[in-house]
Amino acid sequence: MTEKEPSMPILYPIEGAAGLTGDWRTQRPIVDPEKCKMCNICWQYCPDLAITAANKEENKVIVFDYTFCKGCGICARECPFGAIHMEKEVD
Amino acid sequence: MTEKEPSMPILYPIEGAAGLTGDWRTQRPIVDPEKCKMCNICWQYCPDLAITAANKEENKVIVFDYTFCKGCGICARECPFGAIHMEKEVD
Amino acid sequence: MIELLQISRGGSGGVTGAKILAEAAMYEGLDSQAIPKYGAERRGAKVEAYVRFDSSPIRIHSPVYNPTHAMVLDSSLIKALEIDKVSKDGIIMINSSHIPDFLKGTNRKVAYVDATSISKELGLVVSGFTLTNVTMLGCFAKATGIIKMENIEKAIEKTLGAKIAPKNIEAARRAYEQTKVETA
Amino acid sequence: MIELLQISRGGSGGVTGAKILAEAAMYEGLDSQAIPKYGAERRGAKVEAYVRFDSSPIRIHSPVYNPTHAMVLDSSLIKALEIDKVSKDGIIMINSSHIPDFLKGTNRKVAYVDATSISKELGLVVSGFTLTNVTMLGCFAKATGIIKMENIEKAIEKTLGAKIAPKNIEAARRAYEQTKVETA
Amino acid sequence: MPTTIKDLMNNPKEALLKGHFACAGCGSALAFRHAIGAIADKAVVVIPACCTSVYQGFGRGVAFDVPTINVAFASSDAVAAGIKHAMDKKGKEAHVIAWAGDGGTADIGIATLIGACDRQDNILHIMYSNNVYSNTGGQRSGDTPIGARTTTTPFGNKTQRKMVPFIMMANNASYVATASVAYIPDLVDKVKKALSYDGFKFIEIDASCPVAWKSDSADSIHVARLAVETGVWPLFEWDSKSNKAVLSKRGSKYRNKENRKPIEEWLNIQGRFKGMSEEEIKNLYADVDRQWTFLEKFLE
Amino acid sequence: MPTTIKDLMNNPKEALLKGHFACAGCGSALAFRHAIGAIADKAVVVIPACCTSVYQGFGRGVAFDVPTINVAFASSDAVAAGIKHAMDKKGKEAHVIAWAGDGGTADIGIATLIGACDRQDNILHIMYSNNVYSNTGGQRSGDTPIGARTTTTPFGNKTQRKMVPFIMMANNASYVATASVAYIPDLVDKVKKALSYDGFKFIEIDASCPVAWKSDSADSIHVARLAVETGVWPLFEWDSKSNKAVLSKRGSKYRNKENRKPIEEWLNIQGRFKGMSEEEIKNLYADVDRQWTFLEKFLE
Amino acid sequence: MAEEVVMLTGNHSVSEAVKRVKPDVIAAYPITPQTAIIEYLSRVVDSGELDSHFIRVESEHSALAAVAGASWAGARTFTATSSQGLLYMGEWVFWTGYARLPVVMAVVNRCLAPGWSIWVDLQDSMAFRDAGWIQIYNKNNQEVFDTTIQSYKIAESKDIALPVMPCLDGFVLSHTSSKVILSDPEEVYNFVGDYSDPIIEIDTGKPFAYGSIVMPDKYNKDRKDLMEAMERAKAKIKAVNKEFSETFGRSYGNGLIEKYGDDDADLTIVGIGTLADETQQAIDMLTSEGLKVNSVRVRTFRPFPTEDIIDIAKKNHKLLVIDRSVSFGHEGHLQMEIESVLKRNNIDTPVIGKVMGLGGEDVPYTRIAKAARENL
Amino acid sequence: MAEEVVMLTGNHSVSEAVKRVKPDVIAAYPITPQTAIIEYLSRVVDSGELDSHFIRVESEHSALAAVAGASWAGARTFTATSSQGLLYMGEWVFWTGYARLPVVMAVVNRCLAPGWSIWVDLQDSMAFRDAGWIQIYNKNNQEVFDTTIQSYKIAESKDIALPVMPCLDGFVLSHTSSKVILSDPEEVYNFVGDYSDPIIEIDTGKPFAYGSIVMPDKYNKDRKDLMEAMERAKAKIKAVNKEFSETFGRSYGNGLIEKYGDDDADLTIVGIGTLADETQQAIDMLTSEGLKVNSVRVRTFRPFPTEDIIDIAKKNHKLLVIDRSVSFGHEGHLQMEIESVLKRNNIDTPVIGKVMGLGGEDVPYTRIAKAARENL
């Protein structure tokens, strides 16, 4: 009898477990760097971790990760400064 | 194929479903007709329905049904007038 | 193989008594079994237990239908004993100061002892119940001779523990002394 | 047997479209099946469905691996189509105003129509999604000729009910008219 | 008008017949006798696994003179709901009652209980609590008081008592009440009142079990009365219309701690509490306080 | 000090990885991201059947960077308790969290939930409620509000909302709180606070589901905020030590009805409430009142 | 309303059948892939189209408990489930079978976790083959509709009094649309008959206790009767299939099994569910290759069609049995039972077993054909 | 503490074994006739005699869920149940088997309701023969003790990784006292070894997800591996039986089956549980009558001892199989499986089946002997 490990339904953490979910998007968020006050409220509310937070010290506004952003529109809806708007994806 | 009723675990109501439970008794309640005020508190508390209620109108005190009385002693304990006492069953 | 039917009342320790007896048999070098009759037990209601003894390993798992001997822990239960089922050569052991009327004329060998009085004297009473289960083991030893008192005592000791064993051993011993065996 | 692969986005009614198509085939006198790809569906994510048509009873229950034809309800999904799996003689139907670059040079027969515009014109929009599922059925009828428009219309009517069917029928009709078939 | 002993004699019929298989002094059997007896002509009872499945009979016949359906442990309310819906559909009148122990109610059965309550199925659940799994020989249940020696907590139970009536209030049953075998007319009143409500009704009865409580069978009423008099078992009613609790006449004076007897009186006549430490007694007092504090919020 | 957005950025690590399988705008996924993220280095999550069993991954890998055990629907707390006991026995530290939907918590799983609470197993149960069985396509749950159209109540749900937090208070959990995806720092505070308690802790999160609620995915936060602002979803904490409830800062002003927005604002942006009758709206208002009345009893 | 010809999923086919037999009480709990059945039924009940009580229970254990309760009260009942749901109500599955309640429960077959998987195999319903239920496995949506109707007629016969489980492959039937003839509602109802003389009925005027403690002798009597009822059910299922055919013009083999192809083949492929339908496709292919192959679809797994299997085995030379479920530590269910039947009856026909399609693995007919060729 | 010889019930024998292997976590729920096992264990845990966590769960579903949880966390675990309790945890029985968790659960066999009955038959554990558990049926209390110990060694081997269910007849073993040699605790612990290198172990430092959605290919891989582990388990069980014998001087046939009497008999009686022990008594009786009869006790029903059954059937002339459980609508479990094995291997030895002792019906050896005489 050779030593054998049981075959079990185990998965390990990876990014993109459900693929590149940016594919699902029909509209994409666009940030207006002028308007972004770097409050990161949008960052907080993104269910898809598709926003790189703004950094006041470094004066960097938020950045979207379109590889994974599903285009839900929450960030645009929640930005208190109207700094984000959604645009239809073009084919 | 003859018509056939299914065989099922069904029982019908009878007295003595568990036999003549008076057999279980190691002590028996005895009423003192002098002391019984016919309040029927004992009747109310007997879990075994082994007391025939007293009847004030007919001046009948309670009567025990020794066929089923298990001798728990509740009646004796609860009689407010000490009209019932328990006696060891003799073999 | 020897088979014992024991009849007692729920709450009087019959099952423990049967187990002690089987254990004593083990010390005697016999194989043994103690079988409580399977079902809901109610305090005061009739309860049966069986004990088997054999010199070779026992592979039977049935209840006992035709006991060699019978033991009744409460004399008021004697009427529940189906005498015909007990072996003609067997002994009927009963907790009683005398041979009960019920057995008279049966021509059976009867062993009797007033275990209740013995137990009471020794304070073997629990919530109103006089425990005669262990006491009657003395009667068994005396009447059947299958198991020596020393093994019964050892089994009592092991099962009941150092604290309450002594009184029980004493009860069994007294019962052993006082048991009378007669043909009814 | 003719087998169709339909690719759409979750939420755009692809499964319903496939079912209507299978129903239309039934009116055509064919046996048919509409099979949604089994799994969790997510709005916006790629979803497959299959439709089978045959003149004799279908006893196959597998998904479609090598479709005769393919239909893509959203042009942005065209890249998800594994062209090699589609029969060489089959038609690739796509919701687009032109032959997508992706198909160019494949030498495949491509049927295309701007179903999105048609649907939008007719108000076939639900929670931000333009529904092109029914519209594209007109493209299917035109391109494949397997099923007559009248049967497609009947199936739309039955499935969607008198209230919303007319707009959808109109959309399918327009798509039928506007569909172009070319070799890419 | 509150029920009197006389009224009890005028029940449509006896629901419990003589010669049943309950132990001598069984509080549950006594409760069944009156709670179901009071409505015996209309009652259908559903019994999950518990002592009641056993004491009703044993092969030869049954000691219950009402339709009785014995069911799997965790399902009395679901079965009762099914029966009630079927009888409604068929136009037949009946009070369908799930009659269950504390185990079948508070532990394994509580999802079913809450589910039926949530749907407001038109049934009454009566939980008789002997604080323990009596039928299997006395193991701890969620309703076991702190300090009680059970066969699975041989050195004393540590968990607080689960107050199912509170849970049912939180779950918005239409009517919730507690009762005791020591106060039979009060119990019968509550059963009748419960049945006057639409939707899901719940009553918990403190029902002595001399076997598990290791008490004298003669004390079965006495011990239950002490539970009320020591404040261990508050007697009250609550309904969803008012979202208010009202203490029952027989129990109202124990709201005031000064009127309560020491809990030790209740403990001392029960073998199950033998050997309780000071600490355990303190915890028990605290748990009783907790229950009253919760209840207080709903009292006027 | 209350958590700030900045603090959220300093989580030990992300518990939820990019590219998971939740729908766009999923409130549950957002809640998971932060609630578990805040304690990601110590968390073990137990997931019964629900959307979370699906959105974590699909064959290739998993989007959760914490140990994740997927279990049968009605058992998250029992499994969590088993894990916690085992880790305690083995001397390993961990926050074991049962993360379940409203179905797995309030309906099929509630016996398990109450059982673990009763034993005071040292775990935290987080119920994210989308008021419906989303994973199976949107059937009514015990937590579905009056009037909601679900696939099993196509003409509007009639039953009152099951307030599991109240049930857990009645069941004496050590800590009970409600939270909302609209108030993330508050949610994280509550998770951390819960974990500072011994015994059984419970948090319910109102977690938008654009699919079942038939709402715009962009509105997922907005709709949850409206639930608080209309009084539909009271934000509070309660603990057993005090037996008192405290309204959370972000929700306290809605105790006063005058400060509440009309519930219609919440209803109107959700397709699930389309076609509600006046009567249904009245009943919904009444049910919200009922919840506040219950809660009021525990407020100062 | 008369007969209608429609495109329907398997789930919808179940619902349409149920709507026609008009159960008094329905209770069910959602689970993929069964859910659509009860969604449809809750809609028609709430809309008033179907005069029935729908109980939205909190679990499957309660679903079956509730319909059992209703059945004791003399009601016609329906429920449905799948997979984990069936396991979760397992205690009640046995309870209902042993209690002889004529409940009908559709099982949409789905494999068992872990890991989570929603696709078909028959492990779920097979786990309850001991439970005293009649189990009828279907090949397509038309049969699903027809079997659901037949189930009531079988279950509610006093001489049978057994619950019936019509089983359909998850997704493969439940979610796939295909042509279904929906018979006229009135005709269907008349075929089944009303349930006005129930097998058992709670009556406050005539108390009885159901299911109190029973002694071993009575216990054995009840179980023996259950065994005999299963035996009688074979003839009943055949008769109902025949009567159904006379009324509606559709039938499924002899009710217990369905044969395909010529007798006296070199190889007979035995299967169950849609795999057996797929097998017919394979048979055509193989026949066209000149091979002598036929097939048998086991329609009722309980009662097991012993006599028919004997007959098949006697008439043919070799059996290839395809299972979509397995008893770990032994072998496939169909294989095991067929082997036991043949052994018991001293039939030498060799049996080869293959387990295929667990966890929703797709089994195209070409694979079945391949297996056949390898074993010819 | 060294070896002790005592009078013990079967339940107590289980507990004594469990105490010696020192599980980290125990969770269980009371049910007759199993309860005494957990009563004893809760006592020794609360008294500090056994350093273990005892979770007093609110149902059996949670009992097995809790020990499964503990097992995922790398703990040694124990639970026990009977009858309805086993059915109620049914979902978790399959879950634990499929998850390959080395849980040990004693099942005290009791028949299934309704009507209520607390006595023995094997219908309960047999209902889970598909679930991926090793099942070992015992003949007496000594074996109960020994098997419980062996179960851990089998379950926790990495090459097996399967839960094990030691089964004992309710009351007949569970409540009957007989002689049991309780081996030295330390020796027992050493025999089993500690569980320091668990099959699986949750670690916050190394996250993984167990049981997420799996695709059919992976699903099939896992199930195939389960099937193979069952196959490997046969050798493992034999090896453990042998090693146990070497260490403690007690063994049970070859581990899978136990033979009694001379080879090459006219009739071989095959049975399981205490009925098989009782059969040995019948064999002695029949042999003394000059009849050529021997017997085989099937000890492990899962994995099924296929090879041993083949061997037996080849060496003997006729098998009389006695079942204490049955699949309604087919036949006795042991009979069915034996027939299937013989059929598959073209063995002509005739098999006669008898179902006896359902619902606690007593089966004295004389009745077995009578059945043997009738079939000689």
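Going by the order they are written in, the chains are A, B, C, D, E, F, G and H; count residues from 1 in each one.
FYI, a residue touches a chain if its C-beta (ideal position, glycine included) is under 8 Å from a C-beta of that chain, and two chains touch if they have at least 3 such contacts.
Treat the numbers as computed from the prediction; the structure is a model and nothing was measured.
Visitor: Using the touch definition up top, find the fewest steps from subunit C to subunit G.
Guide: Graph distance in the chain contact network comes out at 2.
Visitor: If we look at subunit C and subunit E, which chains touch each of them?
Guide: B, H
Visitor: Could you work out which chain's C-alpha centre is the most distant one from the centre of subunit C?
Guide: When every chain centre is compared against subunit C, the largest gap points to D.
Visitor: Could you pull out the chain whose C-alpha mean position is farthest off from that of subunit E?
Guide: So the chain farthest away from subunit E turns out to be D.
Visitor: Please compute the C-alpha centroid of subunit D, do the same for subunit G, then give the distance between them in whole Å.
Guide: That gives a centre separation of 35 Å.
Visitor: Any idea how many Å lie between the Cα centroids of subunit A and subunit B?
Guide: Chain centres of subunit A and subunit B, defined by C-alpha means, are spaced 77 Å apart.
Visitor: Using CA atom averages as chain centres, what separation in Å is found between subunit D and subunit E?
Guide: 63
Visitor: Which positions in subunit F are in touch with at least two other chains?
Guide: 21, 23-24, 53-54, 56-59, 62, 64-65, 70, 72, 74, 107-108, 110-112, 114-115, 118-119, 142, 216-217
Visitor: Give me the residue numbers in subunit A that touch at least two other chains, ranges are fine.
Guide: If we look for residues of subunit A contacting two or more partner chains, we find 9, 11-13, 21, 24-25, 70-71.
Visitor: Note the residues in subunit D that touch 2 or more other chains, in rising order.
Guide: Only 39-40, 42-44, 128 qualify.
Visitor: Under the touch definition given earlier, write down the residues of subunit E that touch subunit G in their complex.
Guide: 41-44, 46, 53-54, 56-59, 62, 64-72, 74-75, 77-83, 85-90, 92-94, 111-112, 114-115, 118-119, 121
Visitor: Applying the document's contact rule, which stretches of subunit E touch subunit B when the two form their complex?
Guide: Of all residues in subunit E, those touching subunit B are 5-6, 8-9, 14, 16-27, 29-30, 33-34, 55-65, 184, 210, 216-222.
Visitor: Per the contact definition, I'd like the list of subunit E residues that touch subunit C in the complex.
Guide: Counting only subunit E, the residues touching subunit C are 21, 23-24, 54, 58, 211, 214, 216-217, 271.
Visitor: Mind pulling up the subunit H residues that touch subunit E in the complex?
Guide: Contacts found on subunit H: 29-32, 35, 38-39, 42-43, 46-47, 56, 58-59, 84, 88, 113-116.
Visitor: Enumerate the contact residues on subunit B facing subunit E in the complex.
Guide: It comes out as residues 11-21, 24-25, 39-41, 43-50, 53, 65, 67-68, 70-74, 76-78, 86.
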